[in-house]
Structure formats: C-alpha cells, structure tokens
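Paired with chain B in one complex and with chain C in the other, chain A is shared by the two complexes that follow.
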Partner chain A sequence: MRLLVLLSGIVDSKWPLTADPAAAGALPRKLSPFDESALECALKLRDADPSVRISATVVAPRVEETLLRTVASHRLDGVAGLEIAEAMLWDARAYSALLAAIVTREAGADLVLLGREFGDGDDGVLAPCLAEALQWPLVGLAQEIVRNASGWDLLRERGELEEHIHLPGPLLASVTNDRRNRLRHPLMKNVAMAKKQAFAITAADAATPAVRLQGLREGPVMRLATPCRMIRGSINEQAAELAVLLRGRS
Partner chain B sequence: MSVAAGDIDTQLLVIGGGLAGFAAALEAAEAGASVLLIEKQGEIGGSSAMSGGCLAFAGTYLQRAQGIEDSDELLFKDLREVGQMENDEALVRAYVENQLDTYEWLCRHGVVFLAALEASSGQSVPRVHNVDPADMVRTLAARCKESGRVKVMLNTAAERLLCDEKGRVTGVQARANGKPVTIKAQVDVIVASGGFCRNAELVHRFAPQYDQAFFIGGAGNVGDGLKMAWKLGAGLRDMAYIKGTYGKHPVDEHNNHSLLAVYKGAIAVNQEGRRFVDESISYKLLGDACMQQSDGSTYQIFDQPIYDSGDNRVRILDFERRTEEGLMIKADSLDALARMIEVPIEVLRKTVDAYNRHVDAGHDPEFRRKALVHNHGALVRIDTAPFYAYPSTAAVFGTYCGLVIDADMHVLDVFDERIPGLLAAGEVVGGFHGGAYMTGSALGKAAIFGRIAARSALAGERQGQLSRTLRAV
Partner chain C sequence: MSGAIKAVAVMFAEGGQAAQPINVSGFIHAVRQAMAGEVQVHALIVGAVPAERQADAAVKAGAASVVLISHPKLALPVQADQLLAALVPVLQAMAADSVLLHADSVGDELAARLAMRMGGTVLGRCTALQRSATGWIACKPAYGGRMQAVLEAGAGPCFAVLHAVVPDAVLDSAATCATVQRITLSSLLPEVNHIRRVSPASQRKRVEGERIVVCGGRGMGGSEGFAQLQALADVLGAALGGSLPAVDAGWVPVSYQIGQSGKYVAPAIYVAVGLSGTPQHMAGVAPHTDIIAINNDEEAEIFRAAKTGVVADWKELLPVLISALQQRWSDP
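Here is the complex of A and B:
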C-alpha cells in the first residue's frame, strides 16, 4: 500500500513577517498543525501495517532542506520538495492541477493525505479542486484513518457526534488536527539519518497560474477598544453580534 | 550603601541572583549587614529557577511524618558514596551539618515544600524535598526586600574582581545597563554567579565528550564568576566530572526536565535493544553511559505498574504529564513497542526476559543492579501490558564544578591559600559533588553554602573590627 502526503508548511512565526514580496517568500517555514496531523495519520497507518510505503512532497514557494529533514526524520520512503510560484497560492485551479500531476507521477498511491488549509490561504477550496482534478472521492476534516479489507474507515467529529465514513480507495483526505493525530516525535536515530540525507528540490514548470502577484501590502492594524465580554445567545445570534462587532472595526 | 556617579559602595557584595545569591544576601541582611546583590540578567532566578525544584535534606519533619528514617550520618555516607569519594569531605560535612537548619530556615521564610517525598539519584531513602524553584527564589528575594538591607541591581554584570595592593578583593568592575560601574565592598565579595553550561567553548575545554549534548541552564551561566576568580589564581576542582543528566527527551524542545523511570524500576536499553548500565546509579553516571550509545540516545522501558508508581507532583517522575505532552511511547505488547522504537524485536524481548529472570533470582549478573535507586527499593519485573518507552539522552543542566573553596566558603588559590575578601557559593564552586551527583544536592548546596558564605564574610568582618579595636587600644 502506498500513501502520498502533500505538505505545504506555514511561515515560522518565530520570524518577523514582512510585506516585501521577495523577503516574504524567503521566510523560514515549518509544518502547520494540519500538515503534522496528515503526516501522523500516515505514520499510524504504517504502525498498523509495516508494509505501508509513505512518500511526502513539500510544496511551497520556497522549500528549505531543514523542513525536508524534519519530514524525513520520520523515516519515510521518499521525501521531495517542489517550489511553486507565489501567485499559485491564489489560484486553486492551477494549483490543484499541479498537485494532480504530482499524484499521477506517484503512480499507484492508494491514499493521498493533505492538511486542512493546505497552501490555499485558508479558503478551503484546494482539496475539492484536487479531488475533482483526480476524479477521486474526498473526505474533508478527517481526524483518524484506518485501513479495512475493502478500503478506508475515516472518522470525523461533528459536535458531540462521531461520523464514520467507509470508502474504497483511491481516496483523497484532508486532515484536521486532533488529539488523536498529534505528530509524534521522531526517533533520534532517524533524526541522525535524516541529517545525512540528500533531497531533490525541483521547480514547478507547468500549470502557470492565471493570476500574477503584483505585490504585498501591510494591512491596517486593528486596535481593540472593546472590553472583553462573552458573546451569548444562539449560534445565529452570536454570529450576528460578531458581524456587527467586526463591521465596526473595518 | 552610597551611590556616586559610576561608583557604588556597599558592605557586602553578592554576585548572582539565584538561590545561592539570595540565601547569602538574606542571611547577611538578617545579621545586620547591608548587601548589594547584582544580577546580570533582567530577572532573578538563574538556573535555580529553571531546575527541577528538588532539595536533598535529611531528618526533616516531612520525612518523620511519613515514617522515613534518615539522618545526618546516612546523608553524609550517601553523598560521599555517590561522589565516588572524590568529593571534599570537609565540604560534604559542611553541607550535612547545616542542612537541617537550612531546611527549617527556608520553611520559616515562607518556602513551601510539597508533601511528596521521593528517592532519587544517590539516595538510600526518599529525601527529595520538592518546591517550585522559581517561587522559592522569589520568596527569598521578597524577604530580602522586606529586610530593607538588600539592594538588587538587575542587568548588572560583574566583569572583573578588583583587589587592593595586598591582593584583597575589594569589589568588582561591572557594567550596569551597559554602563561601566565600580562597586566597592567594605567586607567581602561572594561569587554566586552559577556555572558555565551555556558557554560551549568552556565546556568543550573540560568535557569535549559532551559537545553534542543538550545544554540547559540559566542564560547567564557562561562562567564569568569562575573566570574572574580564576584570573586571581583560584584553584579549580571536579572539572573532569562535568556530566549530563540522564532522562532528557532527545528531540523535544519544550520540556527541559529529565524523567527518571529507571528509579521506579524501568530498564535502559540502547537502539540495539540491549541494556548497557546498572540503572540504579547516579543519573550523572547514567548520562555518561548513555552518551556512549549510538546517537547518544536510549530508551527507558517499563510497564503499567511502573507507570502507575510515578508521582505527578515530582517533575522527574511525572509520567502522566510526559504522556500528555506526547513524549511517551506506549504499546500493547513488547513486540509492538519494539517496532515503534525501531529496535530489534527479538533482542528487546530477550533483554526484558533476561532482566525479569534476574529480578526473580535476586541477582543481576549483567550489570549488578541491586535496587531501584542507589540502595533504595526492591527491583520489579517488567511484564504487565501496556508497555512504555521514554526516549532518553543526557542533558547538561549544570556544570557542578569550579572554584576550590574551604568549608567556610573562602575561595582558595592554586596553593590552597585563601584569596582574601573572596567567597563563593552555589554552582560556581567545585569539590562538593565529586564524581557524581545526588538529586537535590545542587539546590541544597546553593541554599546551605550561600548562608555559610554570608556568615563567614560577617565573621571576618567582626574579627577585623576586633583587631582594629585592639590595635587602637
């Protein structure tokens, strides 16, 4: 069984953000909590079946070896980096076509995992676009994945309820973070091995994005002037009150 | 205490705002002295505040209340044994003779000890007395402030000791908030500036085998107190015994404390799945043994009853918290555990089976382990699922070596003669621990030796006053 984990990373918040496009692209990245959960789901599947093979591709405007080593320290069967144009992040259709090409190259992947909010600026459309491009079923907000005889069992929580989804493969799953899928620490021996590993980092050449990045601009700083208070009432009432509050800030 | 431009006079100067410094300052203040305490960092606490909060005392009320029989004699014997007889008997004696009084002194000043008592490295009976270490330093600092006799200057780094024409230490050249300042001490200078675990170059000079280890300690622990006294000819001791403490998770960057499941019955195995040491010895010696294994990384292996014997009030035995932090590896069988930590399954199984046979036979022919820790506790089998592995390496929390001192805390030069006007206490001193280390003896030493240093300084002052009076007569 072969698994492919697509990882994007997020800007490491230890470093100051900048509005300079060149400098922003060069900011160090680390795995997002959702990336980590997707990777942990893959590792758990390997725990259950040691014959599972896991590959990971880190896709980002700039891919650093440090991040690849972090991923490789979990003793994966393949780790690679793919650098994309910054504007790709704003063009889900072009981005998903690029990711579909990666999946196709990994011929025979039974399951593709990616973290929720994977590289899409939090608009949540990348995973559905990728599923459409692959013509695969998609499960979003998955928290736990188990292999069964005929496919996959996926768990996700809805309030106090658990939803169990049974699907055959191949399958695309977008993973959200959960106490059950917190990424484990790598073993020291694998950290040491990853330090010696060489990685292929290539630049994406296909699927030119339809949008072009003109520049980045700092947003206005919102200053809190309202004292802290609990927003009460039904969900709709809370949403309405929150909307009023936010409109007042714009 | 008077302050002129760039020039400060005080009666007693204490360098360092950790436990040793504040214990010295408070002891001196309560004896009527005016004290200036300078701290290089922007806040007090140093390595003391970052420590596990363990103090080794014997014969305390807490022990008696729990039916634990302990004594000065047993403490002395344990300290000498764990130090492999390499420690200075006079310093160990000074610790022992002043420990119970210091425990009660800390209690009187509002330091709160938890009810939990545990046996740990080098202890024949449970004598780890637990505190919140940062809170302990803050409490003593508060008492200092209340005394009205202690002035604390933060962001003030001592750079050189100053001497008069007779070689007596009279103060320091320092830098306060970046500006040079001369501080003159009418009585003495007490160096309590900590060790040098954050000075990689200096550690490498004495312990190159620890180049790859973690170094965890106060940011200011770069050895400036040591070097200042060294420049005046101070002798150094125990430098060959810098060691890491076993039980630090090798890749986690958030929890800097060691976990000592071995002292509850776990075995330590290397990446090849084999034991490599008698797990009951001092965690410093375990650290040495660990660093000689592949990648300097090993695993503490134990089962559910051992897990349940942990104590979440004691940081080094808080198994539940480490589980919550995702650091503990758990499996339903030994084979599954071996797979998760990637050690050969057959080897780990044989290792545990052999150990269990040794426990049953009451004899460990491989490593001669006889107790859970030091001379305390009967060995237990590892056979009840689920099983646990805690990845473990060694971390250098403190250097525990340094200036040669006598039992009155006077710093001695390379000819074992006192350097007049200079005393030292806390992590900057050598000679007390020797070859290894008892849990709680570093914080204990900080408080005890800090107080002794203050008393010695003031005794010298009184003697000086008497001499001056007699000369006048």
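Here is the complex of A and C:
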C-alpha cells in the first residue's frame, strides 16, 4: 500500500513579513500543524501495517533541505522537494493542477494526505480543488484514518456529531489537527540518517496563473481605540468586579 | 465590466446537529459589506424541504430575488458531494457574476469545487471583493492572518467564502418585494450511506451563535484547566472553546477550536483565559465582540484587543470568580 503526503510548510512566524511577496516566499519555512497532522496520520497507518510505503513531497516557493530532513527523519520511503513560482500560490486552480501532476507521477498511491490548510493561503481550498482535478473522492478535515480490508475508515467531528466514513481507495483526505494525530518526535538514529540523506529538489514548470497577486499589505490587527480597562486589586476584588460585569451582561 | 454585480449568496436551510442554521440576513448583509460597488444579492437557499422562514428572512434583508431549492434526498447534516450535484445546474441557470458561501467546512469545500466544475475562479476566504476594469480584485488573509493578499482575477464568475459578522439587530429594515421562486429538485444525488453519524455521549453548547463564549489557550496548562473553564461556562450559560495549541495538546476536541483554522465566533462577550491573542486566534473572533481577557502576563497581546482585562493567575481567579457568580445568581 502506498501513501503520498503533500506538504507545503508555512513561513515561520518568528520571521517578520514585508509587503514584498518575493521576500515572503523566500523566508524559511516549517511544517504547519496541519502538515504535521497529515504526516502523523501516515505514520500511524504504517505502524498498523509495516508494508505501507510513505513518500512525501514538499511543495513551496523555496524548499530548504532543513525542512526535507525534518520530514525524512520519520524514515519515509521517499522525500522530495518541488519549488514553485511564488505567483502560483494564489491561483488554486493552477496550483491544484500542479499537485495533481505530482499525484499522477506517483502512480499507484492508494491514499493522498495533505493538511486542511496547505501553505500560507489561510484557507482550505487546495484539497477540494485537487479532488476535482483528480476526480477522486475527498474527505475533508479528517482526524483519524484506519485501513481495513475493504478500504479506509475515517473519523471527523462535525458540530455535535462524529462522522465515521468508509470509502475504498484511491482517496484524498485533508487532515486537521487533533490529539490523535499530533506529530511524534523522530528517533535520534533516524534524525542522524536524515542528516546524511540527499534530496532531489526540482523546479516546477513555469505557468501563467489566472489569479495574480497584486500586493501584500499588513493584516488587520484587532486593537481597540481605547486602552483595555484593567481590573486591579486582590484576587477577591478582581473576581467580585468581574462577576458584577459578567452578571450585568449575561 | 459595467452594471450591478449579480452576487448569489448560497445558504443551507437546515444545519441538522452538525451545523448551525445560517443567519440568512446576517450573511446577505455580509455579502453587501464585502462587495464594493453596486451589488444585487440574490439568495439561493437549499434544503431537504422548502425553507420558507429563511426565504422570508432573505426578503426582509433586501435580497434582489430568492430561489428556494429543496430536494427530499438531501441528507442532514449537509454533505458537499450532494450539494455539489444539486447546485451546479441551478447556479448555471442563474448565471451569477459571483457566488458567495458562508465560511465553514462545507462552504469552503463547496465553493472551491463549484468553481472547479463551473469554470470559475477560486478565491477562497475573502474579506473584500470588488469588480475592476478587467475582472475582480479580492482581499484575503494570508500568512496566518499577518498579511492581507490583494488578488487580481479575470472577468469570469468568481467563487468565494465570507464570514457573516453582522449581528441580526441592525438588519431587517431593508425589506423589498423580492420574488421567491420555489424549485423542487428530483435529480439523482450521490449516496451518503458510507457516512455513519454518531452522537457523542456528552452534549454541549456549540461555540457558534452563543451570546457568551469562554475560551482557553495554551496557558490553561492541561485538561484540568479546561474543567475549570467548563465550570465557568456552565455558570454563565456560555459555550466553551479552545485555541489551536489547546486542541493540539488534546485538552479539548477539535470542534471546540476557535481561530483562523477553527470556528469563527461573534458573541457579545468573549472571555479569553490563558490566551496570548495571536493573529491566527483573533481571526476567529468578530470585531464587534467585547473581549474580557484573563492572563498572568500584562504584556500579552490579548490585552490590546480586549475591552476589559484582568492580570491574574487563572488558577487563583477562576474558583473565586465561579463562586462569586454562583453567589450573585442565587442572591434574591
């Protein structure tokens, strides 16, 4: 059984961003919580069945070996990087076509996993676009995936309900963060092996996106015009004043 | 491009147990607010049965027209595969310039897949959308809410999702005489019998639609902290939420998650405990919400967004606060 994990990483929040898109695209990246969840789901499937083969492709404007080593330290069967033009990030149709080409190249993948948000676009459009491009079924926001004799069992929460979904492969699943899929720490021997590993980083063919980035500007910062009114005093005084305030507004 | 923009606001009539019924008037107003220029908002409301109450709300909110779609085979909670099959022919007939859906898990998926099937432009979660000389200009958050991306797209129909952030109270005054067209579909829909739904043993208030939300972050330190927060939520009649790190740590389920990657909430009061107030988290809280922040770090970013703040260790404050609230409620 073959699994493909598509990863993008996000710009590490410790790096300041500017309005220059090229500069933003060149900043160091780390795995997002959703990348990590997708990777952990794949690792759990391999825990359950050692014959599972996992490959991962990191797709980003700049793919650093450090990030590839982080992924490879989980002893995957293949880790590769694909660098794309920064302009591709904003055109979900073109970007998903590129991801579909990766899946097609990895012929025979039974399950393709990616995080619910892929990259720095702050939304979950790429997984549904990829499902449409591949004409594959999609399970969005999966939290747990188990293989059984006739296909895949996936769990997700929707409001007050849990949905248990059974589908045959091939299947695309976007994975959300959950206590069940928090990425494990790699074994030190695998970290050491990953340090010696060589990775293929290729460049995607240039394409003209139909959605273009006109510019970046600083995001809205939720700040009030008037300073926060601080409730001071002893714990008892703070609690009493807060209780009056909350009771008055309840 | 000239003339009024024909925007179709797609809404699901029934949420079932897994989705809040949509705030029809709030969403129509959100579409108007997000789209600059002259806009005609047409409401497309879909459900298993005709949703007359929601149609009435759409008329009162000033929709240019209302199309009420029903299909008896639509499953609850709504599933994107079924909605996709039901909506594509209807939307094709409506020939909209733009199609807007509510930002949640189904809306996000459906907008993207509709765009792909109908040859439209996928814009994702937007905060603003306007027509330009050559097509569209859209604004959307990026880089974890730290930046806004301004995008240009061609002239074809665009598909986007928006948050409904407008409280009901300011609406309902723009009543028009919009016509309501009722369409009962009988087309074949994809089966959803591969999905089994289970209600968890404990029921709780949903974070969406509540007047008060109590939310905890990494500073709560563990499940025990969230038990205290649940006690506070119970005494306030509030819903309990958590930040992404709290969900990651397994202290609360993912359906409690508030923020850019979780639920978007617009309560009157948001009690934020042990939360630093990152842009990613604050992206999930409506701007009009009054935030009461409790944090032991006076420099925490949350105090810049909060109307009221308490610098205290929650372990000391919460038991006393809960007791004070219980006392006050029991007072005559």
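Keep in mind that, in the parts below, the second predicted complex is superposed on the first by the 207 of 250 C-alpha atoms of A that agree within 3 Å, B and C clash if a C-alpha of one lies under 4 Å from a C-alpha of the other, contacts with A are read in each partner's own complex, and residues count from 1 in each chain.
To be clear about the criterion, a residue touches a chain if its C-beta (ideal position, glycine included) is under 8 Å from a C-beta of that chain, and two chains touch if they have at least 3 such contacts.
Since the model is a prediction, treat every value here as computed from it, not as a measurement.
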{"item": "Touching partner for A:Asn190 - first (chain B), second (chain C), both, neither", "value": "first"}
{"item": "Partner chain(s) touched by A:Val125 [first = chain B, second = chain C, both, neither]", "value": "second"}
{"item": "Chain B versus chain C as contact partner of A:Asp47, first or second or both or neither", "value": "first"}
{"item": "Touching partner for A:Thr70 - first (chain B), second (chain C), both, neither", "value": "neither"}
{"item": "First, second, both or neither for A:Glu157, with chain B first and chain C second", "value": "second"}
{"item": "Which of chain B and chain C A:Arg182 touches, first, second, both or neither", "value": "both"}
{"item": "Comparison of chain B and chain C by chain A residues contacted", "value": "C"}
{"item": "Chain B versus chain C as contact partner of A:Ser55, first or second or both or neither", "value": "neither"}
{"item": "First, second, both or neither for A:Ser8, with chain B first and chain C second", "value": "neither"}
{"item": "Chain A positions touched by chain B in one structure and by chain C in the second", "value": "182"}
{"item": "Chain C-facing residues of chain A, complex", "value": "10-11, 13, 17, 19, 24, 33-34, 90-93, 96, 116-117, 120-125, 127-129, 131-133, 137-138, 140-141, 143, 157-167, 176-180, 182, 210-224, 228-232, 235-236, 238-240, 242-247, 249-250"}
{"item": "Contact footprint of chain A on chain B as seen in their complex", "value": "249-252, 271, 294-297, 326-327, 329, 339-342, 391, 393"}
{"item": "Contacting residues of chain A [partner chain B, same complex]", "value": "47, 50, 75, 182, 184-192"}
{"item": "In the complex, chain C residues that touch chain A", "value": "15-20, 77, 80-81, 105, 108-113, 115-117, 121-125, 127, 137, 140-154, 161, 194-200, 203-204, 206, 211-212, 236-237, 244, 247-250, 253-255, 257, 260-261, 268-269, 271, 277-279, 282-283, 285, 287, 290, 292-293, 298, 303-312, 316-317, 320-321, 323-325, 327-329"}
